[in-house]
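Think of it as A, B, C and D in the order they're written, each chain with its own count starting at 1.
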Amino acid sequence: MLEVSNLACSRGDHRLFSGLSFTLSPGQIMQVQGANGSGKTSLLRTLCGFLMPDEGDIAWRGENIRSLDEDYCAEMMYLGHLNAIKDELSAVENLRISAGLSGLDLSDREAIAALRRMGLKGKERLPTKVLSQGQRRRVALSRMLVNDAKLWILDEPLAALDVVAVALIQELIAEHLAQQGLVMFTTHQPLEVAGMDICNLTLS
Amino acid sequence: MKKSSMFDLLVLVVRRDLILAMRRRADVLTTLIFFVMVVSLFPLGVGPEMDMLRKMAPGVLWVAALLSSMLSLVRLFSADYIDGTLEQMMLSPQSLSMLVLGKMVAHWMVSGLPLVLVAPVLGLQFDMAVEALGVLIIGLLLGTPILSMVGAIGAALTLGLRGGGVLLSLLVLPLCIPVLIFGSGAVDAVTTGLAVSPHLSLLGALLVLALAFTPWVTAQALRISME
Amino acid sequence: MAINWFKYSAPTTFYGLAGKLIPYFAVSAVVLFVIGLYIGFFVAPTDYKQGEFYRIIFIHVAASILSMFLYLVMAGYAALGLIFNTRLSSMMATAIAPTGALFAVISLWTGALWGKPMWGAWWVWDARLTSELILLFLYLGFIALHASIDDPRRADRASALLAIVGSVNVPIIYFSVKWWNTLHQGSTIKLSGTSMHVAMQQAMFITLLACWLYAIAVVLARVRSIILERERHTTWINELPEVKQ
Amino acid sequence: MNALDIWMREYPITYVVLGSYAFAFIIFAIEIAMVRHKRKITLAQISMMREAEEVE
């Protein structure tokens, strides 16, 4: 479904990787590994279409993502290092807006339900600036509950999360895979999905 | 959950930016205070002769509006850029131009519209005639959205650069000169008894042009800056 | 490495070609300047209205025309670079900008010097002078934007977009300034009468040509440095005689 | 009429040549010097880089 062939990327003068090819099919999960500065985030950002690859081709359902553009965006969810939440807004408002940006009209009730499942019960209406780092990350990650994207691209989803939240994220990823979803992620913490083999892609 | 249309998205972005502006009222007020202050400084600089002030008023008000809108433009995309919201906006399945248009509209409502509302009061400081004030308001209503839209291109191009604010003004101010000329020209015309409509219709034409092209150009600029 | 070679071939060949062409352009620019100024100062007669002062126009008109054309050429190259992702065009756009800005400066300075004896003021808010000033601002904006972005690719693309927006705006600005000018009954620089002496026309044309050749020579020399800078990691640079020594 | 005006009208050719043409050619000279300097710096940088690579 997601086919990457002969991909090469560079940052300034520095070539991060070249000749990278892989395929990801429905129900598969892939972890991108590599040392700091090996281009993990750049690879994920290239897959999102932010960065233009120097060479190579990224195809989704057999078509280049550049030509698909908005159709590809509709089927993809990206969670980056940055939480993309506003300090001044409450958790509910943040979630409803980010769902709105990805083209979904979310009701208050649905948003609250998602936030409760993420363990933010009682904090739904607080401005996010009073929440802790881990709680904000949970607000950002609750987007995983309220989207219908096929491909999830997760950059360090487990950063700043406690054990309970990590278990929940693993559960969510397993659910997504069971529904024939695709996941690409990077992590520095161990992430296990019950009953699934994780493909590894190592950048050097 | 239901799918939302392009127009819903526009409304969403405008509403979001307005809510954010309401919760950060200080930012909005500083721009407005800057505008009032710059305008009030001119009589102190050139002397209190009413004849001269009346003649200068449209130009002073327009230049001050130009400068204060530059001031607020720096923040147009930078907050969203820093916290990652801009990334999510670019991944929106709707067209980025529409989102950008939403941000432009919100920016105008937050920083352009207050200027338009305060301008007549400041005009009184300069002893402007009533009909001149009317034309000034219409001109500002037509012109300040253009400033927001053209400025957005500059804001997108200078995203995340050091010295972004000064650079932004350097890029955008020359492009805004026609707006300044037609806007203050309209007020001059009414005070000297000439026809106002050519100035205003030219401003309107510029507004239509800006509406048609700047959202798309700004979207391209954002794509370039996000790489 | 076949693909790489193809990709780098344009700057490679261009680098050598430019190096060969520069002396020709430079020498012919000098020769034409000498001829043009000789005709301008010794053959062309004194103007009956403006006296000797009109002789400023030979350089003034040439500099004004060049500053405007160079902006268009720069925007054109920038657009090519943006649309087709050709690196050489972006480099050309970057190389043209300083030359264009300097011609705008010359045009403004000589315009002021002409204005003083004609109107008794160094600066008149004449439509053309004002537009020239704004054009200088546009050049400075382009240069400043390019200089403040570290990543060369983003710098090229961002300043290209700015140049295109600027070139769309130039006619609007020119029209609005002209409109503003006629409204305020300003004075406009005009040559005395429509019938310029043949020698004057010749002098003007030859200096214009000389300025063009000078501009091409300088831009080519600058683009060579830019190519060296940008391609310093490639192998062909390391094989150049000036690098090897 | 100040001194400059009087001088200007007395020696118009000098005014034209010194004021415009000398200025223009000085600008040209500065630009040529800038371009040459840039080339020198660029070549120096490249040779520095080569040396650094050779040391490695």
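We take it that a contact is a pair of C-beta atoms (placed from the backbone, for glycine too) under 8 Å apart; a residue touches a chain by one contact, two chains touch by 3 or more.
Predicted model only: the values in this text are computed from it and were never measured.
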What is the minimum number of touch steps required to go from chain B to chain D? 2
Taking every chain's C-alpha mean, which one sits closest to the mean of all protein C-alpha atoms? B
Can you give the whole-Å distance between the Cα centres of chain C and chain D? 15
Separation of chain A from chain C, taking each centre as the mean of its C-alpha atoms, in whole Å: 49
Inter-centroid spacing, chain B versus chain A (mean Cα positions, whole Å): 36
Taking the mean of the C-alpha atoms as each chain's centre, how many Å separate chain B from chain C? 32
For chain C, which residues are shared contacts with two or more other chains? 151
Expected list for chain B, residues touching two or more other chains, is 227
Name the residues of chain D that each touch 2 or more other chains. none
With touch defined as at the start, can you tell me which chain C residues reach chain D in the complex? 37, 41, 51-53, 55-56, 59-60, 63, 98-99, 102, 105-106, 109-110, 113-114, 116-117, 120, 214, 218, 221-222, 224-225, 228-229, 232, 237-238, 242-243
Residue numbers on chain D that touch chain C, as the complex places them: 5, 8-9, 12-13, 15-17, 19-21, 23-24, 27-28, 31-32, 34-36, 38-39, 42-43, 45-47, 49-50
Chain B partner contacts - residues on chain A that touch it in the complex: 48-52, 70-71, 73-74, 76-78, 80-86, 88-89, 93, 97-106, 110, 146, 148
Per the touch rule above, chain B residues touching chain C in the complex are 153, 157-158, 161-163, 167, 170-171, 173-175, 177-178, 181-182, 185, 188-189, 202, 206, 213, 217, 220-221, 224-225, 227
Residue set of chain C touching chain B in the complex reads 134, 137-138, 140-141, 144-145, 148-149, 151, 153-154, 157-158, 161-162, 165-166, 168-169, 172-173, 175-177, 179-180, 183
